[in-house]
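For reference, the structure discussed in these notes is given below.
Order of writing sets the labels: A, B, C and D. Residues in every chain begin at 1.
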């Protein structure tokens, strides 16, 4: 493990619940680990499982996917689609030998600023324990 | 080649404290494609916005990133500024370095690094953003109200009051709904007819309202602002335009049938009007029972009709209407006594529903208000009212509370006591739900002034014993069984969705719950909207409600309709899905996952008009830009504009390389 | 049809009349239902509350012997019916209960067979038309109240017999004989059999209600399908009349006896002479 | 009566055991009283069925285990059949009886002797030999002549066959033993001492 390595976490969140939740964490000044970069999508339904793979491939060490709680979806059922895809995704990831510990799916509403803060810190700690994610990068190099 | 301008905000000390804004701007400036990167104390202030506008013009920027607070805060502000400077607003993005950076981290090094990354990601996105146009949809200035009960009537009146033409659609032969069957209403005890019939007349006379009775929705096509409704006018065998409602026909008609309006307690003829104040007060022939239509005999009505308005050859007619917005006010129906085994499966004549009771005491009822029990016409001295029959009973019927029974039962005990001064009224209840203006006081009055005997407990069984009915109940407050010999038992049976509601909901493409109640777009903040744009809901179609609630919802829905049709064009954000036709295989995955039925199949034909293949097509009017369709496409042929794969992958790459 | 007959203890000892009339009509109809060899007590309701395990283990043995014979089970006593069903449920659902059960019996017992009450078999598998073909006597003019008691209809989930509020199985069979089965509210009211011995006066209280309701609704006789109900309504009718000083004189038939009569079988074979409330005056008065 | 819920009650423990024994969830009950209303034996009971459920909800074990009600319940199942909340009241009574037996609470009604008599018969003969039951019951309940008047009647009608029949008696005795064993194990799992029931 290289010196002073810091885990890179990328979070795919929906605009209506989790992004707002993340904003609330800000307005309420809940501190959390700085390792996360948020990518906003309209709805978790928009999040393509390939995003997760791509993120890992491009050097993220962990991924968070988060959206509205079941039945709270701004688009009524987008998050259910997301959940279905995620279940499929987990199977795929295990197939590919990716440690599921690196990919976290969590509901987080616009009122759950504290939950978002905890989620991030928690994931960062977990991934820090797992160490940097090399497999795909090495794979890429081999391919090239 | 992209020419991006980046503007980093201090937000006073809010950002500047934990982010070295100058350094950030400086690093960002090195990114290829960034032609300008500056920082400023308050970007959102007027001078701040001026800086952006100027820059856009001077450096003729193709894209802008404002790194400041959350886009939820100021995206509109800055996009407007960009538009003013002649740039497509969708080419401006915001990097959230306040709520999601400076406010949640206290180490300046981290803060600065993260801000740089966030801005970098947005720069990469903006490079790939495409200018989008807001979508404009024409609107038909005409509304359709489905259901002619008090809710539908109110909605129609309010919409018409806004100067918009309305069609009031009613499946029965007269408007008025359940309210027209009630005797007096809680908590004021004013007579239902007296307050409803004027409204019925008003709506009938309103030039902007077209009432279509004995008609149902056959088919609905189109989308918000542009619906095409096909309405089936069922054969009535009476030309209601020629008919004067003189009544000769139904006086002479020889056939007697139990009256639906009187809840089977009275009789009507085979050609009839349901009740004297019916609107329109025009009869129809009931084909199942008319001798002429059944066996070809009789035909008196046609012979004696002074205006020759009766035709036995009458057929259903289909009418097409262009509609801008729809209000669904289909109401409810009451469970019949025959549903309840322990209460005799409806075989005891003197076990009646609350609605039958209303007719029994109503001055315009079958007995003209003389209170008699159905079996032998005897005046009941002891009446037992049973609440929560079929409601709050997940084991056998419905889990929900029917909401209005507590109040109308209290009312009915009063009506009874006003008819029979020395009568005994017993009420079996589990809880008394009287949360409304003057409701609790009303229930107290029933007990304190009109002497209704309230017993906390459910009734286990009712059975006939000679002339009387025996009610086996419990009083849970003294923990004893109670037996009552009653002359009449009134069951406050559950309200349930009307027959055929699911079929209607499917025609409209709106949702309903496991019982068949229609579901609102949001239970708190969008209570009178369906999830389908342009279709609104009101009254008991959603779930049990009392008259005040239904009427206020009617007005609410009407306001929504007026808001919608007030403009000739609807404008909505350009963030909608778009199909790449050449690669679309027509697999219909997107159609399946779309929550808004916004996607459909479109034929592609050659010049000769032969069908070559089918591809998906997005209706921008219905699309809400959720993007669920995009990941579902195996050939990457449908993409969400404003959040395209290209743009999002760019963000991922930028992030991953930098952090 | 491939049933074996499980009489149960009551029919063996205190209710031979039910037993005999059952055998009589089964033979007459040639249903080919023989008695199940070495069946044991079902551990009926009075063992049940104290000892759940045994109350499941005992009937399991009977299921086992039915299994050996590869036959479905035909029952008459509702209590046995209930207990066999319960055992079947327990055996066909993996879990704690089943494990214990297997441990007690000493082996697993497959329990796939059908368990049916004769009245169901007659109504649904033989069918009213087939029965009526064989009927030589119409029991016209007798008003009969069909009384089911509680056990046969409740709990519905377990028994799957008929609507617990207003069952019609027996009514249909009774009216098939030409008799008039009356509609009355106490079809499934409890007769208190559980207390027949330990707290007789309770039983008397409950049965009194049932008898008087039947009479009020114009019944001249009552038809039952449960041996315990029968004992209480028949054997104890005198005691009831004494306790409440009210004459009922309602003959209590087993539905099998009524069917037997309409088939023209010998009253002796149907054990009508064993009823405590003498049915013959009534039958004579109706010319049967 | 005063109950100190924060002190006198072990709701969790009691609730767990009760749920196991009765296979139903008393928390569903909203006290509509339909069970009480329809119970044919309520007039004998010290507390009504709905009250039993209520005390169970509150976790007041002593009250229910010492009530007459659980022993008077005759399992006619009218309550459970009509309960709007799918609470198996009969099941609860049943469970409470077994709990009482286990904890050695003296039954507050006579029915138990009859059960013992039945159990005894089955042990001895494999089938219930009813005259024996009655005799046995009378013996245990110390009322030797109860119902004896009926015997001559029964005999006249040949309604009692006097020879007991032996069916699998040996095997069944074995089963009783094993059942005892299993019960003990289960009980010890629950960490409760068992009052054997014979």
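The working rule: a contact is a pair of C-beta atoms (placed from the backbone, for glycine too) under 8 Å apart; a residue touches a chain by one contact, two chains touch by 3 or more.
Computed from a predicted structure; not experimentally measured.
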Contact-richer chain pair [B-C vs A-B]
A-B
So, in whole Å, the Cα centroid of subunit B is separated from that of subunit C by 54
Subunit A to subunit B, mean C-alpha position gap in Å, rounds to 36
In whole angstrom, what separates the CA-based centres of subunit C and subunit D?
23
Hey, how far is the Cα centre of subunit A from the one of subunit C, in Å?
66
By residue number and range, which residues of subunit B touch two or more other chains?
342, 461
Junction residues of subunit C, two or more chains touched:
164
Shared-interface residues of subunit A (touching two or more other chains) are none
Could you list each pair of chains that touch one another?
A-B, B-C, B-D, C-D
For subunit A, which residues are in contact with subunit B within the complex?
6, 8, 10, 19-20, 22-27, 29-32, 34-35, 37-43, 45-51, 54-55, 58-60, 74-78, 81, 85, 117
Which bits of subunit C are touching subunit B when the two form their complex?
163-166, 183, 185-186, 213, 216
If you look only at subunit B, which of its residues touch subunit D in the complex?
342, 388, 392-396, 430, 456-461, 472-476, 479-482
Okay, in this complex, where on subunit D does subunit B touch?
30-39, 42-43, 47-48, 50-51, 78, 82-86
Subunit B to subunit C touching residues, read off their complex
341-342, 344-345, 347, 461, 463-466
